[in-house]
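Structures given as structure tokens follow.
Both complexes shown next keep chain A, but they swap its partner, so chain B is in the first and chain C is in the second.
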Partner chain A sequence: MMYGFTWDTATPLTYAWSILPIILIGLTVTLKAAAAGFAIALVLGLVFAMLRRSRWRSVSWTTACVVEFLRDTPLLVQLFFLYYVLPEYGLTLPAFLTGALALGLQYSAYTSEVYRGGIEAVPRGQWEAATALNMTRMQTYRDIVVPQIAPRILPAMGNYMVAMIKETPVLSVITVLDMMALANMIGERTFEYLVPLTMVGLIFLILTLICSAGLHRLQKVLPKAGIPLR
Partner chain B sequence: MTDNAPAPLIQFAGVTKRFGALTVLDDFNFEVAPGEKVTLIGPSGSGKSTVLRILMTLEPFQEGRLTLAGLSYQEPGGTGPFKASERHLREIRSHVGMVFQSFNLFPHMSVMRNVAEAPVRVLGLSRDEAQARAVDLLAMVGLADKKDHFPSQLSGGQQQRVAIARALAMRPRVLLFDEPTSALDPQLVGEVLAVIGDLAHEHDLTMLLVTHEMRFAREVSDRVCFFDKGRICEQGSPEAIFTAPSHPRTREFLASVLR
Partner chain C sequence: MPWVSYLPALAQGALVTAWITLAAIAIGAVLAFVAGIARVEGGRAVSTLALCYTELFRGTSLLVQLFWFYYALPLVGISFEPVATGILVLALHVGAYGSEIVRGALASVSVQQVEAARALNFGRWHTLVHITLPQAIIEMLPAFGNLAIETLKLSSLVSLISIADLTFRAQSIRNLTLDSAGVYSLTLLGYFAMSLVLMLVMRLIERWARRGAAFPRAAHS
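Right after this comes the complex of A and B.
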């Protein structure tokens, strides 16, 4: 994907300017992977949290084991497992999907704990009122529980989102051409790693700062809109 | 109850409920006729609230038999703590509503949505139908002008009146009141009792009320049941219980609360 690109290594600045377009292509991949991974983590985390509260022991116990396993094994191992082992059993996913799935799976274990804490903080009376109104458990989660915990768990979810964005370079080991992978390739061609890696670092710093500022802003805006965070 | 009384709507037959080693209801027998207004009084821990919570399927029980409108609470071969399927429990719940001591309104919903949400989600009413029903009920409890407020913007008495409207919006045959005024400041008790008192004139509505408001119990009830140690120790008309209690425990209790 780097054919047709030329770089000018005369000075660090011209070098940086000439490789910026490639790095930005990598950035879009990084952002897509993080977005897809986080979407998976948000949905799956809630599913895990709900299953863990199931009335059937076998369901809650199995879920607890799965969550614990996902939490306590390294992302890199999970990534290699999904990428190299699953195809042996006939399930071959593109590198990008595999990466997003691995990120989503690992972080769903974290988000499920955040959901669980939030759900446990919902007073018993809310569940009882929903039961008295003959709502199903699904309706209770959707209309009563999740809307109440959403503003409260927002800060914790935001922190995991930032953490996940910072972990996306791991996907380069399974040939996802994210920012890190491209910077590395440029380095291999030019034998000049300092500038591309510095650029990647700076872009991650900017991304993280933007996310933190956005979260900070949400935490100020939501209480003003009448939605309490605690 | 006389011989030509209608078949009971609610029937507890030998129900025993334990929390661990503690027996809350002990071989409990109790019947309620359709449309009857029954007040449950007694010392705390005597099992009054547990009767309501079992009827609302918030608590399972271990032994005995309970039926409501011909539906048995426990299904033959039923599993889980309730020994019944969720589907069966939901059929039972469709006949019962409950008003809680701590109101339990949904804090993230406006008063209007608190009342209209379940009729839409559970009964399948259209938004317009449910809101029309909610407007009528809120007018009935005197809160038509508060429909766009949030629960946190209302006084305790107003919140409890919304909770009553919310329960009524589901059109239950049986309405359970679990100490509806116990969490209220004294000056707010009257407005809630006034609403409950109005409901007591509804012929079709069966009411079970756990309360410490003895004067109110005397005014609205068809029957008063005095609970002690997980059983009904004495029951009868309000006049009989309040003016001529026969059991020493009843006399003792009434002397302590009517002082």
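Right after this comes the complex of A and C.
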């Protein structure tokens, strides 16, 4: 029994049906973790991309190194690092937040590259025009750059979001009770892993298929030239 | 300096990580070519089969696949050694992602080349081996380089099915010494170094392929 639901292992089908509510509770945790992680990745990635374009060599170079390091090391080890090392420095976060932070950090390295590609695609003349109009750097980003690059980078961002959803099961190793963790717990108690693990796999498959179809639609709807200015 | 004492064990783990990663990349590359070519050249049945394989392994999470092969399959009587399971699952993962790279690169070879080959009475297989693949492989290499690094990173997940790779060793040392900061910093640096080496090797292969491909064509003309 878990979350008030009992399982019925008579046949694989009744078993699957009886544990579905438990797995779906895990699904909400999985989706929440992915949403939180992706929000962090979107913000942090933009910060990295802007720092990378800084006028000071030392800043842009350091940022490049940090991004490269985040991108070339495994999520699992970063997760362990945050989970075990942060509390030593007095910062004890709940497992869920630690997991979201790790996902966000890893993917911010990817999103920063997407932002950078988008920003670099804005013609030089527009930056010069913005300078000529006495706009600050912040205003240039807000009114010139972002409205133009947003529709262009959305598909790439969407792909990373799907990839992130598929990486959330890793959070189960730091005791986040996502689909994977619950399926394993059910398996441990019933000695029957095949059904719960297959269900988790199928749910991921359905989830990614829906997301890919949604992204495909989104690409068709988006304005190619950019969002109109105010 | 306590962290010096961690190095031998971590180095042993790094060797296991390197072995699993390279084996998975090698087997996965073969799978990627088979599935990718099947998608482009195969008949309806073959290409659908390849598509199903690709979607299945791209759509379900790697950790789920790993646990499925490790915990669930033995229940129906199929079981492998943990290391074999790890390599197999990673290879299937590489094959699925790689097949998309192969398919994209094959599709990017210009149609005129294929038409010219047909005009010269090349068979389909002949065209593939001598015309499209040599050009497509060069286009694939950067993407395969990224995939190789991705594989190295994902190989850390095999520590969760009790394979003594770098991450597993780090976990054991941490549980003994409770020196999380030292152990995990070293581990992260270890993975970073391995990624850089992998990146360098891929770049060398790419340079070699671009040069190697340019010469035969010049020799023919």
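In this section, the second predicted complex is superposed on the first by the 219 of 230 C-alpha atoms of A that agree within 3 Å, B and C clash if a C-alpha of one lies under 4 Å from a C-alpha of the other, contacts with A are read in each partner's own complex, and residues count from 1 in each chain.
Simple rule for what comes next: contacts are C-beta pairs under 8 Å (C-beta built on N, C-alpha and C of every residue); 3 or more make two chains touch, one makes a residue touch a chain.
Keep in mind that what you see is a predicted model, and the values were worked out from it rather than measured.
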* **chain B versus chain C as contact partner of A:A35, first or second or both or neither** => neither
* Asked: So, A:L133: does it touch chain B (first), chain C (second), both, or neither?
  -> first
* After lining up the shared chain so the two structures overlap, which partner does A:I25 touch, if you call chain B first and chain C second: first, second, both or neither? -> neither
* Partner chain(s) touched by A:V170 [first = chain B, second = chain C, both, neither] -> second
* **Dominant contact partner of chain A by residue count, chain C or chain B** => C
* Asked: Regarding the shared-chain residue A:L218, is it in contact with chain B (first), chain C (second), both, or neither?
  -> neither
* To do: Using the touch definition from the top, say if A:F81 reaches chain B (first), chain C (second), both or neither.
  => second
* Is A:F69 contacted by the first partner chain B, the second partner chain C, both or neither? -> second
* Structure fact -> Dual-contact residues of chain A, meaning touching chain B and chain C, are none
* Under the touch definition given earlier, write down the residues of chain A that touch chain B in their complex. => 55, 123, 125-126, 128-129, 131-137, 139, 143-144, 147-148, 226-227
* To do: Please give the residue numbers of chain C that touch chain A in the complex, ascending.
  => 55-56, 58-65, 67-68, 71-73, 75-76, 149, 152-157, 159-160, 167, 170-171, 174, 180-181, 184-185, 187-188, 191-192, 195-196, 199
* Name, in rising order, each residue of chain A that touches chain C in their complex. => 69, 72-78, 80-81, 84-85, 88, 166-170, 172-173, 180, 184, 187, 192-194, 197-198, 200-202, 204-205, 208-209
* Structure fact -> As the complex stands, chain B meets chain A at residues 56-58, 80, 86, 90, 93-94, 96-98, 100, 102, 104-108, 117-118, 121-122, 150, 163, 166-167, 170
